Amino acid sequence: MNINMKAAVVAVSAAIGISAGMATDDARAQAGAPIKVGFVTELTGPWTFFGTSCVAGLKFATDEINKAGGALGRPLEFVIQDNQTNPSAAVAASRNLDVNDKVVALSGPTSSDTALAMYGYAEQQKIPFLVPVAAFPQLTKPGTKYTFRIEPNAAGWGYSIAKFLEQRKPGAKVALMYSDAALMRAIVAGFKYQAPRSKVNIVADVLFPQGSTDATVQAAQVKAANPDYVIVIGAGAFDNVLTNQLLDLGVKPEQIIHPYGITSQVFGWGQRSAGSIYGTFFDIGLDSLTKEGKDFISRFDSANSRPPSYVENYCYNTPYILKEALQNAGSADREKLRDALSKLKTRELTSGVPIEFDKNGARKEYMYFMQIVSVDGKRTYKSKQIFYNEWDAEVIPVYDLVK
Amino acid sequence: MSLLEVSALSKHFGGVIALKNVDVQMRAGETLGMIGPNGSGKTTFVNIVSGQLRADSGGMRFDGHDTLGRQPHELARLGLTRSYQAVRVFAGLSVQKNIDTACLLLAGEGLARAQLQELTEWLRLDLALDKSAGGLTLFEQRRLELLMRLAQRPKLIMLDEPVGGLAVTEVREMILLLQQLKARCSIFVIEHTMRVIRELADRVVVLMAGEKIADGPPAEILRDQRVIEHYLGTVHA
Amino acid sequence: MSDATLLILASTVSTGLILGAIFALVAAGVTIVYGCVWLPNASNGQFFLLAALAAWSLTGAGWGSALAIIAVLALGIVLSLLLEWVLIRRLYDVANRNVAYFVVTLGLTQIMSGIFSLTYGRWSDQFTLPPLVAGITMIGPFPLPNNRIAVLVIAFGVLAALFALLRYHRYGRALRAVFQNREAAALRGVDVRAIYKLSFLLGSSIIFLGGLLFALAYSFDLTVAWTMSVTAFAIMIVGGPGSVVGALAVGLVFGFTQAIVSIFASPTAATFSYLAAMLAILLFKPTGLFSK
Amino acid sequence: MNPRHLNARNMGIALAILALALPFVLEGNRFLAFVFGMVMINVLWASGMNLLYGYVGLMPLMFAGIAGIAAYAMIYLTRSFGWSFWLAMPAASFGAALIGVLLGLPSLRLKGFYFTLCSLVIQTVLTLAFIFFPHFTNGDTGLNQIAPPEWFNGAPLAGLWFDLVLAIFAVAGAAFCAWLVPTRLGQRFIAIREDDVLAAVLGINVVRNKIIAFFLVSLYAAVGGCFYATYVGFISPRAFDVLTSLNIWLFVAFGGRGTIIGPIIGAVILAPIPFLLQELQAFKDVLSGVLIIVVTLVLPGGIYGELLRRRALRRAAAQPQTGTTAAPRT
């Protein structure tokens, strides 16, 4: 079974063009059997880009940690499995890692749908579950014991956008265009809750089913409503379609707000989007980058010929968080690790943002808003930080807003 | 009283008229033949009477019931069944299974083993029981078709060209069988081969382009001038 | 305000036309193969996607859109020939082959979609082709990309050519003869198997073209294949198997339905309406609306 | 009595004993035990699909959709009204079976490809409905933490005992088919499969029998769906999409349609693949696609059907030719 498992790791890593050889070989060199963590993420399917980016970030950290002696004197080994962006597959993979590989913890999903599926399994089987990049609020709903989420919840993002607009243009008229997915529903729910309280008026609200490919008509509707800002949340390439069709219609880049932006998206929006605003949790344009942060960016860039975004950053921090928790727990025991995680008080290596989890495993919320300065093909882009705010997850009734 | 009573039956497919005001009466125990050139509406007639097609207009009574628009399986229960020009048996099943399936209709009050045995031997299928029906010769299949119908104790059986495609010797045998069949139930038979009609039918109906042009004993029908010029001329070749 | 309504009107019409034309093309391809060869190809959506993906790869490799399109069409013809030779012709004489073939092509669908998610899955959020023609034409307040105008022109051009072919060319007459009655056609000395082969080629090439045009006009992901398969079948059934006129008319209707529905409801409502229409036709007029 | 029947019956009994014994054997390894449970659910499904596809000759591609309806309904009843699983499951299944009958009505008018296409459309509509009416189904995100059925003492059914319950239902499902086929009803089904026009002429009410068949097959789908949901603990629309229907169909076609043993063999061989070969996850669609084509073109009888055919040929060869091949002449 072990051979079998190694084969899986190698096959998968090969599939994403990163050699898992290094990590595991180092592991052999280390004293003591590796501490296994199940990493179930999107290596195929619609969220592939997030999954592969995440694994890229993860690799950096695991290599560093294992070179520096691992955790508890044992190497950290992330057993990576593909969930095809399919919740059922995610559950199957989790079960396999739990029973066959006896992993101490689960991690990995970057899509809320797969994360929710694993959440159910982890909570039922009492396995610590560290979610790097999945923002659906219910992942930390009251009563959650084993799930910890590094990314702020998406309803909060919506709240944050409303706060941003309140400060930027009181009484702003806003149009919403978004795809129908758990993440998008949550963002919009948070925004719609906070909008009236922040004196923001919603003048158009357009929902697209998954797999939509065109928005000509809807863009025209939005343009006709003549808003000050358009919040665009398309799934995958559809985000570019929405953006381009709005720009074609003469909407100004400065009017377009993307709740979240990772590198590939920024490149996708392109130079014509210079001036648009996007939310994020880590960006090469941040004011508060630590030395490790700058270092990570430059090394990631030279390795992947593109700068990292918050996805890579969270997955880069995940092994460090686990390492610290394991050290505090003093043993690779699931219950001990869970307690250690809930007590953890630390900071993100790369940006110095504090990391602590509340009783539900939710994190102290925060968000940056960046403005695109320039986009240079698929190689680099420039952005500047224009807004930052922090808030407590339950400042809005987040768990009632999104079921 | 008459067993089958069809009055002013009409049917058209799109623009084509298949049947036009056809009246046919049939007494119990009688054997009625129907002749006519290809496309004269013979098979359409059988399809309608046996419930497989809906008539556009007209009346239909069988054994005292109004049967216009009744489903085939209802008619089967009333005792009206049919055979097919292109013989139709469950080719995928064994002969025995074919017979069993036919016997499903009359649960308790079905034929006794002995009667079934007698039928099977009469139609000389007793040795073929566990062969696949698809593997039988055409003649054997026609006999099986008969056996399956008779197993249901029909009052009227409508035969659509029962000797079609059979070899000369087989035709002779079939006619023999059918003559014995007359003792068992009333027969309505469509045929091309004059011989069958001449030797079987008590009475003949002639269809021409969907209309009944003659109705009477074979002998005089076969003398009928119109029939000869329109039909017999074309067939004897 | 009237400017706003004009804006919405123009966008609706243009979308309806483009979608409709592409639907019509694909449905025509499906209906020709089914109506003539009696083979319902469930994997047509995958062919459609294959064309789009191939074009995406080629343009990604630096080819110009026009060149890529021609190359993909050629590839499509070769592939269809291959498929016809390996698989399809084995079914020409199978009794009730339409079920067998439908199932086989469902299998083919699974194979192709599996391969696509393996090969293209990891990029699957970034499929857009560079435009064939640059620039934007203003229709009143509404900006219509010239690229989409080009797509529209090509689509209708091909549809017109298809009509001419079926109406006036010798092949077209033979094809219609086979549509109506295989045996009779065979008796009249038409080489039925040759017609089958030609129709399969023609049909799948048209589907390929449909995929290319769709990729040009819109961005796409791997899910478009299944949607297109179902839509194409819906159009074929409603329009009447074998009726290219039906494919065109119903295709346009569906295209406009989608465009109009998306003004006041989610486009899903459109999909539901297609399927509902299809079921209704299947149940109450299986021959379709335009069948002779 | 035809020896093949005896033979098949023995095989069936052996399989049943095996099914009821394995949970105890596998208790050590929860993963293999889980795979076993999934196989049992699929055996149940395959037997149901076989009832319609194998014996009535219709290919219901909306099978998974019906399973989905039952699963969602069952969860709704347990969560919103606090019903016990053992109450909600039969209720939901019965309801789903009635819906299955409604969805089957087209088959009374349509034949062959048109029916298959129609059932495909219905399946697509159901999948869309599961995705786009989230207040019941929570959309593409799916429902998780589905509570397992409660045991007699109220404790949640789990581990060995859950596997055992699944085994019992699977065996019961297959046994019911085995009992049904020789009955008059089963014989009518077969007649309709072989030639429904002839069946009607022989007095069989095709419409009524098809409706009965649809009710039964939907019941199988529904019960399987309820157990699937509680056993996996998570469902999403994808768990009940057309690919699932096709896979279940493949179990039947690959094993051998129209036999009791065939579909079981098919499910036992094919169902575990995606679990045991995690590395092949991505390839499993390709694999089943290839199998579908192979079965349709090369092995229409399935492996068990092929086996029976071979055996029949051998027997025929062994027997001396009786005089019945040619029609006796007078």
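A few comments on the model shown:
We just call them A, B, C and D in the order they show up, numbering each chain from 1.
Definition applied: a contact is a pair of C-beta atoms (placed from the backbone, for glycine too) under 8 Å apart; a residue touches a chain by one contact, two chains touch by 3 or more.
Source: prediction; values computed, not measured.
In terms of C-beta pairs in contact, the better-connected of the chain pairs B-D and A-C is A-C. Averaging C-alpha coordinates per chain places the centre of subunit B 49 Å away from that of subunit C.
Work out the mean CA point of subunit B and of subunit D, and you get 42 Å between them.
Averaged C-alpha coordinates give centres for subunit A and subunit C that are 38 Å from one another.
With centres defined as mean CA coordinates, subunit B is found 77 Å away from subunit A. Residue numbers of subunit D whose C-beta contacts span two or more other chains: 132, 282. Within subunit A, the positions touching two or more other chains are listed as 44, 84, 180, 209-210. Contact between chains, per the stated criterion, is found for A-C, A-D, B-D, C-D. By the touch rule above, subunit D contacts subunit A in their complex via residues 29-31, 34, 131-132, 138-142, 144-146, 232-236, 238-239, 274-275, 278-279, 281-282.
Against subunit B, in their complex, subunit D makes its touches with residues 184, 187-188, 190-191, 194-195, 197-206, 322-324, 326-330. Those residues of subunit D whose C-beta lies close enough to touch subunit C in the complex are 59, 106, 109-110, 112-114, 116-118, 120-122, 124-125, 128, 132, 243, 246, 282-293, 296-297. Chain contact summary for the complex, subunit A toward subunit D: residues 4, 7-8, 11-12, 44, 81-82, 84, 86-89, 91-93, 95-96, 99-100, 112-113, 116-117, 119-121, 123-124, 136, 180-182, 209-210, 403. Within the complex, the subunit A residues that touch subunit C are 16, 43-49, 52, 84, 180, 207-214, 216-221, 223-226, 235-238, 240-241, 248-250, 264, 268.
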